[in-house]
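These notes open a run of structures that come right after.
Paired with subunit B in one complex and with subunit C in the other, subunit A is shared by the two complexes that follow.
Let's turn to the complex of A and B:
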């Protein structure tokens, strides 16, 4: 899995590409962990380039979210579409995370 | 066993060579030594006694070293008995052939004490490590097989006999030895059946342990609640109880999607809670087959979460199908998923069947979609059909 990161003002936009499943979730989680420990306290996860997310992927997001909470920062999700959005909504994770329609909306929020 | 305990057989037709090797090996601390003066005697010894290492000369009368090595290999003894060839520097082609046949190494003549020590040491060490790995693997395989049996014994397979108002049947197939899927059904009162299906995030042993925890809490929590208060818990109360317990010490952020319901047997009304699980499918009634109602978050995700109670009314002869996402997400060799759409269509097609043939046929359809592709995720289906009890 490719993970792109870009600074937008004081925020960090993290964009995973492809599948977030048991194969890629550990790397993704480790990367977010490094970002948070490195001082990124306002993170937007851009899900627009994600094709698939499994329970392990959700678990990685959850774990990063808890870490962010401990660091007293903010981590939100944005731009989920299709199957990924469906998984997040069906499994009730839109009540666990802020879910924005676009990265811009997430940054403005 | 330490390296010094190794049983070593020296095979050479020249007496002085054998004596020299015996002395050197004794000086290196080896005490379980034997010798043979040709290939035939060597093989007889190996067949009759356990031998860890053979130092095998190439040129010998009666049966040469290459033939002995081939026999050891054909008799599948190379795992137990490592072979080091002894050869003159001019025999390098023969040595290469022996290495290809399974010899571990070779010792050039004349013997150099340092090389002798180094080669024997490394071959024996390798052999011991391999044996250790094999032992661990066997132990692990036995343990996993026992764990699988334990886990499969944890889910209820005492399905109610046909002919009653409620038919239940379920199929559970872990992708690995053990899995994180869960289903259960049990009577809480004579008129109430609790049913549940769940899917722990991740797979394998960590998921299986979390599954076992959830299953025990669900049963004990529900039955205890009823015993203490004299009333059925609401499904949301059961979910909250499980959630508070499973959020504790959960640094790894494992969670379980869980649908728990209480079926009122006389009326066919199901009160349930859906914590992040796939919505129930309905076949053979009047309801829309696939109501994509939004679930609450899974169990173990957020502390002190409030869950919402839902309910549905079964029609006479209607079938309720609860599955884990291993079914719709089952992929074939071209990585196409079986899909929710096909799942719904197949459930419609199977409507009217009794619970047992229904669940078996459904799982067959998913398996035939997958073909030869390996099962990637745990897969569970619970099928329930209800009829009003005859007065």
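Let's turn to the complex of A and C:
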């Protein structure tokens, strides 16, 4: 899995590409942790290039989300489609996080 | 189309998950499985295998997992068996997926996903081994 990061105004857009599973979830969670500790307090997770997510990927998102909450910041999800979106909805992660249809909508929200 | 079968045995260790995914990927291609079904089956196998490996051998014993998949017209069946300690994952209570972030704890979602994404899921003990039988009805019945 590759992780791209881009500044959009005061927000950080994090785009994981490929598979978020038991192999890649620890790295992804560590990267988000570094971002949050480094002062990123408005983070949009762009899911548009994610091909696959398992419960380990969801756990990484949850842990990062809790960390962000302790830092009194905002972390939202955006642009999930197909089966990735289905996994997020079945798990109720559209209640755990705001889930926006696009990165632009998430930035405006 | 004729029935096509995948039948493999794996060591119960994390490194075997990627091997299974690669082998299943080839099988899915040969049998023209739709992308949505591939995702769901990969997820089910991934979750079951991680649970077996993470919790099934508390004494650190070596283990064995067998996976048999049949591609039938309009449906796929999966037989997953292991020699881990006997445990019915479907007997676990359903996680409360209505909770917000503060009340959520990591874990417990893997089995929930398997149950929700598959059309059928059942557990049995056969010859002292855990057996999980899954069925997935294909939307496109080709």
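Here, the second predicted complex is superposed on the first by the 109 of 109 C-alpha atoms of A that agree within 3 Å, B and C clash if a C-alpha of one lies under 4 Å from a C-alpha of the other, contacts with A are read in each partner's own complex, and residues count from 1 in each chain.
Criterion: a contact is a pair of C-beta atoms (placed from the backbone, for glycine too) under 8 Å apart; a residue touches a chain by one contact, two chains touch by 3 or more.
As the structure is a computational prediction, the values presented were derived from the model and not from experiment.
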Subunit B and subunit C placed together on subunit A: clash or fit? clash
The answer to whether subunit B or subunit C touches more of subunit A is C
Exercise for review: Considering only the touch criterion stated at the top, classify A:107 as touching first (subunit B), second (subunit C), both, or neither.
Suggested key: neither
| When the two structures are overlaid on chain A, which partner does A:22 contact: first (subunit B), second (subunit C), both, or neither? | both
Query: Touch check for A:71: first (subunit B), second (subunit C), both, or neither?
result: neither
Per the contact definition in the header, classify A:96: touching subunit B only (first), subunit C only (second), both, or neither. both
Touched partner set for A:1, first subunit B, second subunit C, both or neither = neither
In the overlay, answer first, second, both or neither for which of subunit B and subunit C A:58 touches. both
Footprint intersection on subunit A (subunit B / subunit C) at 22, 55-56, 58-59, 62-63, 66, 90-92, 95-96
Per the touch rule, the subunit B residues reaching subunit A in their complex are 199-203, 252-255, 257, 275-279, 292, 294-298, 301-302, 325
Subunit A residues touching subunit C in their complex are 21-23, 52, 54-56, 58-59, 62-63, 65-66, 69, 82-83, 86-87, 90-92, 95-97
The subunit A residues in contact with subunit B across the complex are 22, 55-56, 58-60, 62-63, 66, 89-96
Touching subunit A in the complex, subunit C uses residues 14, 17-18, 35-36, 39-40, 42-43, 46-47, 50, 97-102, 104, 106-107, 109-110, 112-113, 116-117
